[in-house]
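Two complexes come next, and they have one chain in common, chain A, joined by chain B in the first and chain C in the second.
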Partner chain A sequence: MEYEISLLTIMGISIIGALSLNLIVGFCGQISLGHAAFLGIGAYTSAILTKAGIPFFIAIVAGMLLSGVFGLIVGFASLRVKEDFLAITTMGVAFLFMGIIRKQEVLGGEMGIAMIPGSGLGKFGYMLLVMLLAGALILFSIYLKNSWMGFTFNAVSADENTANLIGINVANYKLIAFVLGTAFAGLAGALYAHNIRFIDPESFGFIESITILSMVVIGGMGSVWGVTIAAVLLSIFPMWFQFIEDYKLLVYGGLLCLIMIFSPEGLSGISEKIYAGVRGKRSDASS
Partner chain B sequence: MLFFDLLVQGLIQGGIYSLIAIGLTLVYGLLRILHVSHAGLYTLGGYIALLVTNLTGSFTLGMIVSMVGVGLAGMVIYRLIYQPILNKPPFVALIASIGMFIAMEEIYRIIFGPYGITFVDPPLQGTFTVANIYLRHSEIAAIVLAVSLITALSLFTRYTRIGIAWRATVTDPEMAQSFGVDVIKVRYLNFFIGSAMAAGAGGMVALLNNLVEPTMGSVPSYKALAIIVLGGLGNVKGTVIAALIIGISEAFGTIYLGDFLDRDSIAFALLILVLMFKPTGLFVRG
Partner chain C sequence: MLQVDNITVIFDGVTAVKNVSFSTENGEILGLIGPNGAGKTTIMRVITGTVTPVSGTISLREIPLEGKAPYERIRLGIGLAQQIVHPFHSMTVLENVTFAAGYNKTKNPLLSIIKYAKEEEKQKATKILQLLDIDKISREKPDNLPLGYLKRLEVARALALEPKILLLDEPLAGLNQIEAQKFADKLLELNHLGQTILLIEHNLSEVIRICKRLVVIDNGVKIGSGDPREVMDDATVRTAYLGEGHHVTS
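The block that comes next holds the complex of A and B.
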């Protein structure tokens, strides 16, 4: 049971992390290569606050808020630049974040922060909390996707210039997506910190950003279910199959590359194609 | 003489950065792709140069084999990864390239082991001193290589037919094609030259550190991206200047900013600072 509980907890955190990036990349079409840094901000905030004696729930909310605030600042600075420039800028922000943390003894420096207090809910309770939050974020994502704001995000993602032309304030909507996404990333990071109870700058590096991005891309950018399923698969496969754990980066990297070449819409695109294929055959037969 | 020491170290580092970044900016200029796996080719260059040197005892031969071999590998990457997705939105190629890069690093780890390999008998280890500045022969070789490759490239694009066709294709692919330029050939050439230069840098870094490890390309891969953005994406002259600026600011930054920022994030601090004021980079494409 112990093992299943920890598996489900990690799965839930992955779902929150992947869906938070999906808000930015999937819904709004803004490529971010530095998402792990925002998980890091949430994790560090929450870890330091709980170590100072602040209750767990207040600490994770604080982590979420601070991460959102940083998201707002980074968004202001980087959303002026587009596409390729944005991808590199977000990556740069993440490097800057790690570079600064490494040199600050107050933040644990290279050694990181150990002995982070747990949630006080017990392992099972914590798993329930994580699952509940992940479920809530899934529902929120679906709600958002079908709301007016979701349609607007879609327009911005599809064609920025046309969206601008029909009177959408593109910059504002990008900023909203960025703040929402980074705030939820902060939540995922805080939950991660209290689960593993040890964090260091390496935990939120470029590879982690890419791991989260793989979940979004493999699931299919913008598809809530696709991304959720990809997050589940990519977080449990490495635990089930030792082979995948040993060659994790080869598998992730290879998958990213192959999916982009053969089906850039990811799992959701593949399943839609199969579904359309089955329907197409049926209508052929009936006609 | 600390000032001059730092300046020279910065220039050496900047020379190596420009060799790596030129290939990236060439690919971006021609295809609008951020070719992240370029750094994987740079690492491959380091491995080949080192292994051939250890096998034959000749570093020159090692460098030549490495540059030609990696140039060919670059053409293979273009054919297998980029050609099928040229008409897709830009993020598709970017993510495919990142995936390829991560997979390449993992392949090096599986084949060559995680700890890195060294020269059996490292060449060019002598030193000499000019005006109180202490230099290793290998450092001089790095400077000479960088200067000669960059000069050769600029002469090539200015005075040969294929070089002129190349510049024409970068400026306007359709127009070049209608004038009879074989655009596909130009792309292959582009990947060959860019990758060969990265391999040159890889071989040199292998020699300077006497070490090649699977993750050797990680830091340069991100940093080269910062450099080509600073240089104005696709602008070769701007890229070389930006590489030198980054090399020198890192050399000085390590001394003066060391308590606050680690060396590898200086490039990005500079990048973000510049993009705040000039969202198109320091140099306009030209």
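The block that comes next holds the complex of A and C.
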């Protein structure tokens, strides 16, 4: 039972991490290759605060907020650079985060931070909390996608210049996407820290950024259900099949290539094509 | 309505527009014409704020537009249909227009998260699509639609912003003569409904037919303005269009 609880907890954290990136990449079309850094900011903030005696719930909210503040700063970069330049900039942010963490003794340096206090909820209670938060983020993402903010994100993602020429303050919408996405990444990081109870710079390295991006791309950028399913699959497969964990970059890289070549819309695109095919056959049969 | 005063634009030392001034009256359809490379689209871009002039001023209903970002100018009452169509490919035709129709709900980015209902905007968008005779394709994605539909979609989306002035950058370009004539009739109908229009167009026969007044630009300089027939009979304008060797015989 303990194994299943651990599995579900990791799954829930992965869902939150993937959906947080989906807000930026999927909804608003702003590429980010350094998302793990924001999980790291949330994780380190919450870990340090709880070790200093701050209650768990206040600490994870602080982790979210600080991550969101750094997200705002990186968001300003997205106003000056686009597409592949933004990808390189966000990748630089990830390496900058790693570089700073490694050199700061107060943050544990290379050794990381161990013995992070737990939530006090017990393993089962913690799993419930994580699943509840993941469920809430799924619902929030669905709501957001259908709100006027989500509608506008869609327009900005499709064509920033045209959005501007129909009266959209593109800059502010992009900043909001970055703040929301990175704040939820901070939440995922904080939850990770109190689950594993040990963090080091490698926990939030470039490979982790690519792992989260894989979940979004494989699920289908912008699709809430697609990304959720991809997060579930990609978080549990490495635990079921050791070779995936051993060859993580190879497997995820290969999957990314396959998706980009055969179905750029990801799992959601594949399911839509199947649904459209079935519906087409039904209407042919009825006519 | 729209007042353009002494606009000068210089790109890398080359003067693209020089001291151009004109204005539009409320409810009129004004044609802005000129040969290729005359500077018409540059003037349009100066009005929308995507190009900054080195000198001159622009105002809309006596509100100066200097220093205002393109989205702010649009919200002051400018609707733009671009020369090269730019539909949002991820949205259907109806969604494209619905999105523009919800401009009040997207005005404040933070508050847009609590705005959810779209029914009112959908109804408004449907009426605009009907007005432009493209309601039959409202559920289609723009990807596979012919240019004629996309040109109308571009205008529909601009109309959904309820603009005080509609800027149309070569809306008839790429259309055959029959399509162009029908679309020009539609623009005239919009004008009769009270819509002020500034029309940049190369199709002279249609421009002369639907516009009451023309402004002619050549090499970035205004070379004529007034009644379409009189303007087109002007020797300077004829030379600009037909070349130095042309002699006016009539």
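Keep in mind that, in the parts below, the second predicted complex is superposed on the first by the 285 of 287 C-alpha atoms of A that agree within 3 Å, B and C clash if a C-alpha of one lies under 4 Å from a C-alpha of the other, contacts with A are read in each partner's own complex, and residues count from 1 in each chain.
Going forward, a contact is a pair of C-beta atoms (placed from the backbone, for glycine too) under 8 Å apart; a residue touches a chain by one contact, two chains touch by 3 or more.
All values reported here derive from a predicted model rather than from experimental measurement.
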item	value
Clash or fit (per the criteria above) of chain B with chain C on chain A	fit
Comparing the two partners chain B and chain C, which touches a greater set of residues in chain A	B
Touching partner for A:Met91 - first (chain B), second (chain C), both, neither	first
Contacts of A:Leu249 with chain B and chain C, given as first, second, both or neither	first
Contacts of A:Leu213 with chain B and chain C, given as first, second, both or neither	first
Touched partner set for A:Cys257, first chain B, second chain C, both or neither	first
Chain A as apex of chain B and chain C, Cα-centre angle in degrees (nearest 10)	80
Chain B versus chain C as contact partner of A:Trp148, first or second or both or neither	second
Shortest CA-CA distance between chain B and chain C [superposed frame, angstrom]	12
Residues of chain A that lie at the interface with chain B and also at the interface with chain C	none
List of chain A residues in touch with chain C within their complex	143-144, 146-149, 151-152, 154-155, 157-159, 161-162, 164-170, 172-173, 176
Complex contacts: residues of chain B adjacent to chain A	28, 32, 34, 81, 84-85, 88-107, 110, 218, 222, 225-226, 229, 233, 258-262, 264-269, 271-272, 275-276, 279
Of all residues in chain C, those that touch chain A in their complex	48, 50, 69-71, 74-75, 80, 82, 86, 88-91, 99-100, 102-103, 105-107, 109-110, 112-116, 118, 157-158, 161
For the chain A and chain B complex, residues of the former touching the latter	31, 33, 77-78, 80-81, 83-85, 87-89, 91-93, 95-96, 98-100, 102-103, 206-207, 210, 213-214, 217, 247, 249-250, 252-258, 260-261, 264
